[in-house]
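Listed after this line are the structures, all set down as structure tokens.
In the two complexes that follow, subunit A is the common piece, with subunit B as its partner first and subunit C second.
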Partner chain A sequence: MLKKHPLTAFILFGLLLFLLSNRVDELRVFQGATVAIYVIAIASIILLTGYSGQVSLGHGALLAIGGYAAALSRNHWGAPVWLAFCIAVLAAAMGGYLLGLAAARLSGPYLAGTTLALAIGLPSIANQFSIFGGEQGLLFDIGAPPASLGADFTQYKWYFWIAALAALIIIYWLRNVMNSRYGRNWKAVRGNDVAAELAGINVGRNKVLAFTISAGIAGLAGALLAMTISTVSPGAFPLALSFSLATGAVLSGVTTLGGVMIGAVTLVAIPEIVDSVVSRYETSETVANNLPGLLVSTLLILTVLFVPNGPVEQMRARHERRAKR
Partner chain B sequence: MTRTNRRKLALTSAVLAVAAMTASSLPAQAASDPGVTSSSIKLGITVPMTGIASPGYNKIPGAMKAYFDYVNSNGGVNGRQIKLVIKDDQYIPTTAVAKANELILKDKVFALVGTLGTASTKAISASTQLAKRGIPSLFVNTGFSGFADKKAYPTTFSILPSYQMEAKIMGKFLKDKYADKKLALIYQDDDFGRDALAGFKQAGITFGTYIPYASGSQALPATGAGWISKLKASGAEVTVLFGVSSASTAALANAYAAGFKTQWVLGSVGGDATTIAASNKAYVPLLYGAKGFSFAPAPSDSTDEYIALFQKIYSVAQPTQTFDNNVVAGMSNAFLAVQALQATGSNLTRAGLIKTVETKGASFANPFLTPLGYSATSHVGATGYWIGTYDPTGALKPDGGKYTVYTTDSGNGPVVESSYKRPAMPAKGLPN
Partner chain C sequence: MTQFINMLLIGIGAGSIYALMAIAMVLVWRSTRVINFAQAGMALLSTYIGFELVQKTGNFWIALPLAMVLGALFSALVEILLIRTLIRHSTSGPVAGIVPIIATLGLLGFIRAMIGFIWGNQDVQIQPPLSKIGFKVGQETIALSPMNLLVLITVLAMVLILGFIFQKTNLGLSLRASAYSPEIAQLAGVRVGAIRTIGWSIAGAAGAAAGLLQTVNGTGTVSPDSLEFSLLLTFGFIAAVIGGLESLPGAVLGAVVLGLVLAFVQIYISGTLVFIVAFALLLLVLLIRPQGFIGTKAGRRA
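Let's look at the complex of A and B:
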């Protein structure tokens, strides 16, 4: 069904989420919003790494650009929310384009190093200019949900609706882009750039394009993240965020969009599961504090060892092998 | 073939989403304020327990818990036992908001207590809508003066004096003691440092040399060395450092390596021996002779009744940990929280708690050596500092053998020597 009527499937899935958001308590709604944001951010990494073969360890910096752009445009120009999100996408895409120009000349560890440096360096820029509000950051208030939704409609449900809608649109759009000429070009470049070049694909331009789109999507994720915490500050986009997004992408399977939920849900669920397990047993504080990190790292290693292309891709491959027999 | 798989994929995704969101069932809403029963009060704290900011700060919750347990074993607060739920926010605002949401929505705490870090505190307050929900955020651990602003943060109370107050008091000290010396200032170039610059300006202090640094750059080896060569060139006799502990470490270590001598004056944030020791124990003796600022009694001062009690409680609760100013901060925080809860009475509500701190807060029993500034219009805690000198073990000892306290405000008010006499500690250290 998804293949024949993908739009219908996405709409149905959206409706399902909408119904769910009315059934669960507010904490789950908040976590749902976080999952949706991670879905967008991880998708942007999958596009970049899995489809165009470029590695970014500094996606947190692109999220930061989006978050700050949204907050600044709203605080200074009074931009409506949708416009603030569009500006976030454009600003981050612009940043990604410039970065992409440099990135297209680099590959492998050199590219990873460059993006890593960006993730470390960019937040301190916020401390240099007072417009960015320094360490404590800026407020980013998208306002209360429309009154027409009723008095019981909570702020977090509003965030969830916005984030989930954005995630559905982005995934639907990305799915189409990846099945288009651009997607095929990117895959060709990832597979073998010399062969792609010989086939008439402009490798450099395609890499820059992938970087730009990926950055724009990351910018949207950044603006949504800023929305859920109502502020932007350098501390909200630490190196740890870039790493956990990269981890989420690997857990999801970097070569396919299909598993993107897996990484996003894992990142949100693991700390909570650990919390509830730990609170039930009297464990040492050090163990409790470091267990989430340990679990995620273990999952990462297991994924790389046993399902390097992600669980979804693995299932697909197994089915195909079986079908051939 | 592919079709079945796609369908499976859609199904898997849907199931995952459902599973993630329905992992817990809808809880019943209590009629009165959450977190309070006839026998218990639940409080929540988010602090960096892991990550770069955790050394030192991660001792605060343990210290708070030690004091709460002491109160609990003595009958609790108006017959209620205090339960502290601790969450690790890694000093990341996003994580802090997620954890605060768990505290408020899942653990159903009555109030937040001791939230740490300006960015995290701000994000928690805005995103979880503390003000709209009327959730008290007691005694946040940040010197950002904004949190004392009742209009912007009606349910938040700060505990530390503001950075501006500290700089004003430091300014007076420099004027009194080092008027004829060549002064230099190293400061963190963000709002933390800018608050300080504003305070120094009000105190009428101009430095011969200003050395701003970007937050984070102090970790680079060249940064500290650069400061020292600038200080050397300017012939700075007295150097004020208004930054975090890692900046103090960079400055002291490089000065020592270069054989450069200056009278160091360290801001309260950057003078924590525990944090410095966490980076390298060998750096602690370098604090020797530096001037420092504090508003709580020195952790080593067991002649102080509060410190003596805290030492006794903590040595039983956490026998392997050192008793330092992070422990004093945590236990003082817990003491004030208990005092506020106790004073609110047995009919405990969130609104009642806030009102109590506003109306009675200034006269609360507490370990600090400065007056508390709580009132119907101001939510600032301690309002001053005493000045001391670090000994070779990194402990701050008051100059002249006694605490001389200076108080001021975050505005244009003067810096005055305080005649404040701390109220005697209630019997057994249990607020009444």
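Let's look at the complex of A and C:
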């Protein structure tokens, strides 16, 4: 189904989500919106890793650019919501283009370290210029859901619809891009950049392009994240966010889009699981504070040690081996 | 004029602590070709151990070397348990480059969570062993306190000892040889595995010193989520990279330059801009002179 009629499959999945969103309670709807946003952000990292074999530790910074761009355009120019999201994508893509120009010349752990430095550095700009609203940040209000959807249509459900629709469109589009000429070029560059160059691929331009697109998608995720919490502030895009996104990407498997849900659901589920454990066994506050970090980091270490390509790729490799035999 | 001298003093003081961190990163990079993003977490753990030792012994002068030894042991343990497994499992696929980065990142989270479990998430306080009030020159108080002086002397002593080890001893020769080419060193009879562990443990000691000195020199408090340690990691990384990532003198030079630039920005422009200036400096060096201040064209192997 997914192989032969991807568009139909995506639409059916969307319908399923729509039906589901009417059945579950508010908290689950909100978590659903968060999962959708993480899916977008993780997909942007996977795209980036798809060309360089490197993981960005600073995608939180690109999310922040998107969030601030959306909030600024809405607050100052009164841009409609869809335009604010477009501006978020463009602004983050521009930032990503500049970063990509530098990053195209970076390899190995240099890219990881440089993006890490960006993630630490960028939020401080918000405190420097008053237009960004300092520590408090800016309001970002997309308004109530349209009246035509009915009176009992909640705000969270509206967020979920927007985020889920965006996630579906982005994943569908990325899937096509990955299978297009550009996707093949990126895979060639990732495999062996010298060989790719000899085959006539402009390595530098492809790297910058991948970085730009990845940043644009991250910007959209940032704007959506700002939407669900109604504000943008430096505190909303901490280093921990960048790290969790990198974690999510690794758990999903950085070489394929197929597992993108795994990382996103894990990121949302772990705090939830810890909450239920804590409330059931009435453990101390220390455990509640540190158990999520412990679980995530243990999972991360085990993943890179035993399934470095991610669970989906691992299963496919096993399947292929069995098919050969 | 006083302001300018203060800037130099602050810059060199901060730079000397970044230098320890940069040295730790360079040593780890040279011995296993891994950038250890958990270096800050390991330094944080050593700082907490230092805190316990200060509590137990009541003396900073005993706690510092002991914390360094324990930091070295922990670092060696990490190398043996995690990094060796990693190298043994290592694949040559597209993800080969990210595996060590993610593993050390996971280690960072793991250490933080462990510290939280053991010591809780509140700040703990370490009393500075010396006064933090600046010396007086004539009427003016300059930005150099007995504490700062201690940091400078400690760092200088460590750099000199490390320099001596690297240049004059057999151990240093083995360390340099296995960084230059593990295969050739192995053929020449160097036990590369053991040498790697030693490289990691020296790095652990340097990181421990950086963490403790940064803490007592700064706010005197640590918590598992200390921003200072994220900064220590980032600035240590930046210093190591602009120094060339391969050379110890380069790391020290890079750290002092970074310290001075940041002090200049902090005093003459704005304190909130230091992060972005550090980032810009990193980008600038990577674009113009990717091999760092000290380093040959072929030096960057990544």
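Here, the second predicted complex is superposed on the first by the 322 of 325 C-alpha atoms of A that agree within 3 Å, B and C clash if a C-alpha of one lies under 4 Å from a C-alpha of the other, contacts with A are read in each partner's own complex, and residues count from 1 in each chain.
Convention: a contact is a pair of C-beta atoms (placed from the backbone, for glycine too) under 8 Å apart; a residue touches a chain by one contact, two chains touch by 3 or more.
Since the structure is predicted, the reported quantities are computational estimates derived from the model, not experimental observations.
Shared-chain residue A:Thr49: touches subunit C; no touch with subunit B. Once the two complexes are overlaid on the shared chain, A:Leu72 sits clear of subunit B and of subunit C alike. Applying the stated contact rule after C-alpha superposition, one finds that A:Asp25 touches subunit B and leaves subunit C untouched. After overlaying the two complexes on the shared chain, residue contacts for A:Glu135 are found with subunit B alone; subunit C is out of touch. When the shared chain is aligned, no partner comes close enough to touch A:Ala218: not subunit B, not subunit C. When the shared chain is aligned, subunit B comes close enough to touch A:Val35, but subunit C does not. Of the two partner chains placed around the shared chain by superposition, subunit B and subunit C are both touched by A:Ser124. By the touch criterion defined above, A:Ala188 lies against neither subunit B nor subunit C after alignment on the C-alpha atoms of chain A.
When both complexes are overlaid on chain A, the residue A:Met315 reaches subunit B alone and has no touch with subunit C. Shared contact residues on subunit A (touching subunit B in one structure, subunit C in the other): 120, 124, 127-128, 289-290, 293. Put simply, subunit A touches subunit C in their complex at residues 49, 52-55, 57, 102, 105-110, 112-114, 116-118, 120-122, 124-125, 127-128, 190-191, 239, 243, 246-247, 250, 254-255, 286-287, 289-291, 293-294, 296-298, 300-301, 303-306, 308-309.
By the touch criterion given at the top, residues 34-35, 37, 82, 85-86, 89, 91, 93-103, 105-110, 112-114, 116-117, 120-121, 224, 230-231, 233-234, 237-238, 241, 270, 272-276, 278-279, 282-283, 286-287, 290, 302 of subunit C touch subunit A in their complex. Put simply, subunit A touches subunit B in their complex at residues 1-4, 9, 13, 16-17, 20, 23-32, 34-35, 120, 123-124, 127-128, 130, 133-137, 139, 141, 155, 225, 228-231, 233-236, 238, 240-241, 258, 261-262, 265, 268-269, 271-272, 275, 285, 289-290, 293, 312, 315-316, 319-320, 323. Residue ranges on subunit B touching subunit A, taken from their complex, read 1-10, 12-14, 16-18, 20-24, 26-27, 49-51, 62, 87-88, 90-94, 97-98, 101-102, 105-106, 117-120, 122-123, 126-127, 129, 144, 146, 188-192, 194, 214-217.
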